[in-house]
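Shared chain: chain A. Partners: chain B in the first complex, chain C in the second.
And then the complex of A and B:
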């Protein structure tokens, strides 16, 4: 028998990856005249949960939305610099944003299931991307996704019920299951737990921890406790700058920048 | 260390409470060291008894500080320098409690020594050694409350002086014992007292390391010179 203490110490580290999934260089975002993101350089790792923290208006959500080109839908938004996914520029004219968003899934603050059945919520993405050849394959994708969303056991007997009939926490896990149904490589989460109660939050956090075995997860959160609990890397944004980026354990015990220190200890808002 | 106030002012009050408790406990321990040393030099049994009784207060303060620290961790989830402060408080209170125990032990041995023949000069030498440790403790508590890593580092270096005093006394007591075996019982007591004061110095040094950690986020390197050479010297060498 191995020493059980050593096993538990290893399992957390065993997942750690140093492969760069997303590389951002000199990223600037403007909303009209407003310079919202300034000179952001960051390497986001594969199979890692990266938390973006910072006060409201610091640019963390704006930067998150750059990673799957959600800002394209905002007319006055202008993006400069380079964001590479596996070495490929996602703003290259040859890139189809719809295809990109299948690879870079997103989960929002408020659960937003389609006004359709639980089954169709999951099946929608795989259908339009042609991921299933027949009903049996689609069934398989739906079950697999709901299992990855840690909600299969709760909904398997009522797949025809509307997604909106679920509780808030279940709806959010349904949305996560929907996001993973298209076999993405990156999952972006914009405050996924802020509308959930503590139990549902714990379930989603547990799910995020499971998801990191397969995906690169980037989560924007206002809860520093949540960032500390779920992430391995943390980036602190302030006034559009990426002030500090490093191991979560370092950021929360011994940050290098006084602005990070002030923010995490509750001294600036 | 950030000197800006928290947005939640109750958090500041919690941290100030803990700081005040540490300073109060430190004051009790400083007094215990000097009272124990004075009782030994003046063969004052009443004062020695008082030191022994007062140790209960010091022990109770350690419990109180730890309970406060646990409460702050549970309710405030401190981070960054706040987290380091709370962690260091738990360790510092444990170190202070040990120093208090050594002072109490000095009181006990003083009660025994009062019944024996006095060893010339030993009380004064041990008081000077106690004074050096008490001064280190005083400075390290100042360093703690002011977040002064440089002063803490200075205290850390001064432990070598205490170690040297101990080594000198060790040789002196061995000499007395060789000269006259009737001195052995009292010299053994006096030696344990010297060793205990030397250990107090180590605990104060450990507090200094905690202060450096609290301020800088990193423990200091282990590059201090070791003044205590008794474990390397041959006991029957050229004493």
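And then the complex of A and C:
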């Protein structure tokens, strides 16, 4: 059985030429007495889609939530180890999680538009962070974000309609546009398509591929086909361990670890 | 006599239960599962049916026969005293009944004795007759069930239908009672308005409230039934109460829902709700004996003259009374805002304060508004606190340091005062009806808002 640290050391060598956005070392997460994440080391690249796969309860969502410190809102969660964003430890006491989350956006499993208008949903982040000096600039940000969310054409005539009036797929693209509006550097997506039908899923996947041009995207997914379709790198989690991490094509065609192989061939999970 | 009959009917139905259950078991033969309905359903069918039949006959025949008897007695009195008024005849009748029951009549006489004698005869017949009919009905239903009960008898379906009818009837009682109260309010209100010559405008817009001043002449003075001071007083006190209750209640709710640890919450929330369990009469004397003098002394210290009964004292205490309604309901709606919305906001880099102000509160606003409106309904209808602490004089003022009176206080004064209830009832019912309309309107608005709120989420 391979030592996960050894694997990541190998992958790190292979990735030297690339720009490392997030570097995690020896990350442990505890929920009360439950040791949910064990010794996770991973390097996430800029302008790349990284997929986290693994069976339910393997810790992939938990680890994702560590990257923008969303676990801070859970009282019993405790995190050890270090996670560096551009070389800066995000768990350093000098880092304000609120500012961190403006840089590391997040899209959730279930579309969660605010019960406000489409415009106000997008403008929410920019207003909070003071990204626009006046209404015209705000209008511009809203339009740009909706275009990046690939939903502008569908909603441009009804920006005053409530965000909740959109269909599920549109709501999820609205949430992606909302996350993009704060100009993040990393976009975390926690099973963004699990509540969507196949057509909406295809649209969101296409959007994720476009987002790669600007952001480092990390996506948690239950669908191995989706991971294979949208990601360049894949990390396989099992029982809180990062079992294998590497190029998506390698993971799916030539897994090194027997557990990875069992999972992608459907024998566990 | 009829009470005993009722007990006998109860015993009879219990008896039918056991008889029918045994009969069903016997009818089943060797395999109990061959029965269409469980034996207890057979028993329950007979028991419930005979109880309902007996009780229904007891009530309907008992009351009907009583009315019939009264009519006959009225006829007898009418023949003896052809010139008398309806009230006189009623008096003779109630005297005669008193004689027959061995109580003291207001007057005695030959006619009364004769009527009393007749009454005694009729009453005996009524009691025995009703009892016999009711028992016969209860017995007959049981026998019917006995005859029909066999292996294929659908006792379960019939019992269920019977229970449905009973449930429907209990719901109908609640609805009919409400309807009856509303109708009596409307009737008395119309009565009062006709008494002041249909000058509804004088009631709604007049500023002098002294409705009983012209009662000796048998006619109410339309110029003295202006309810504006009362509604102004109610409005003023409600406003003060809401100024106290809304900020405190709402902020307490925000604290409970978003800041308090589960342990604090589990202690604080029940404590807050204890406030709702204090009887309003206790709040009332708290307001009158503790708060009002305190406000008066504070006012004196500042050189402001404060009436010993002030709208402020009543309003503040009423506000304290309403806090738990607002905090508890708001806490529920704030908690009902999905965690995913909060996560969405935190995920965009919003602080806790921004998230609460811009996402949680707007989402919960409809629920909060309906909680506030519910609090307003309570404040408008509240009586004990204002009776003790707000005063009785119908002052038209918006100064919270003066004594004002409210709609509810005036209703209490009218009904408990020296004037005969039937005379005072007119203005009291009219005030009550107006108050009812206001509260109803507010409840409808609150319900509407809540419904819209539900649609918003899904």
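To be clear about the criterion, the second predicted complex is superposed on the first by the 252 of 269 C-alpha atoms of A that agree within 3 Å, B and C clash if a C-alpha of one lies under 4 Å from a C-alpha of the other, contacts with A are read in each partner's own complex, and residues count from 1 in each chain.
As a working rule, contacts are C-beta pairs under 8 Å (C-beta built on N, C-alpha and C of every residue); 3 or more make two chains touch, one makes a residue touch a chain.
Since we're looking at a predicted model, the values are computed, not measured.
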Could you tell me if A:262 is touching chain B, chain C, both of them or neither one (first, second, both, neither)?
first
Could you say whether A:254 touches chain B, chain C, both of them, or neither, answering first, second, both or neither?
first
Is A:178 contacted by the first partner chain B, the second partner chain C, both or neither?
second
In the superposed arrangement, which partner chain does A:34 touch: chain B (first), chain C (second), both, or neither?
neither
If you stack the two complexes on chain A, which partner ends up touching A:105: first (chain B), second (chain C), both, or neither?
second
More chain A residues in contact [chain B versus chain C]:
C
I'd like to know which partner A:167 touches here: chain B for first, chain C for second, both or neither.
neither
Can A:225 be said to touch chain B (first), chain C (second), both, or neither?
first
Where does A:88 make contact in the superposed view: on chain B (first), on chain C (second), on both, or on neither?
neither
Residue ranges of chain B touching chain A (in the complex, touch as defined):
2, 4-8, 11, 77-84, 217-218
Which part of chain C faces chain A closely enough to touch in the complex?
261, 338, 340-351, 354, 358-359, 362-363, 456-457
Complex contact set, residues of chain A against chain B
224-225, 228, 252-255, 258, 260-262, 264-269
Could you pull out which chain A residues touch chain C in their complex?
68, 70, 73, 75, 98-103, 105-108, 110, 112-116, 124-125, 128-129, 162, 164, 175, 178-179, 182
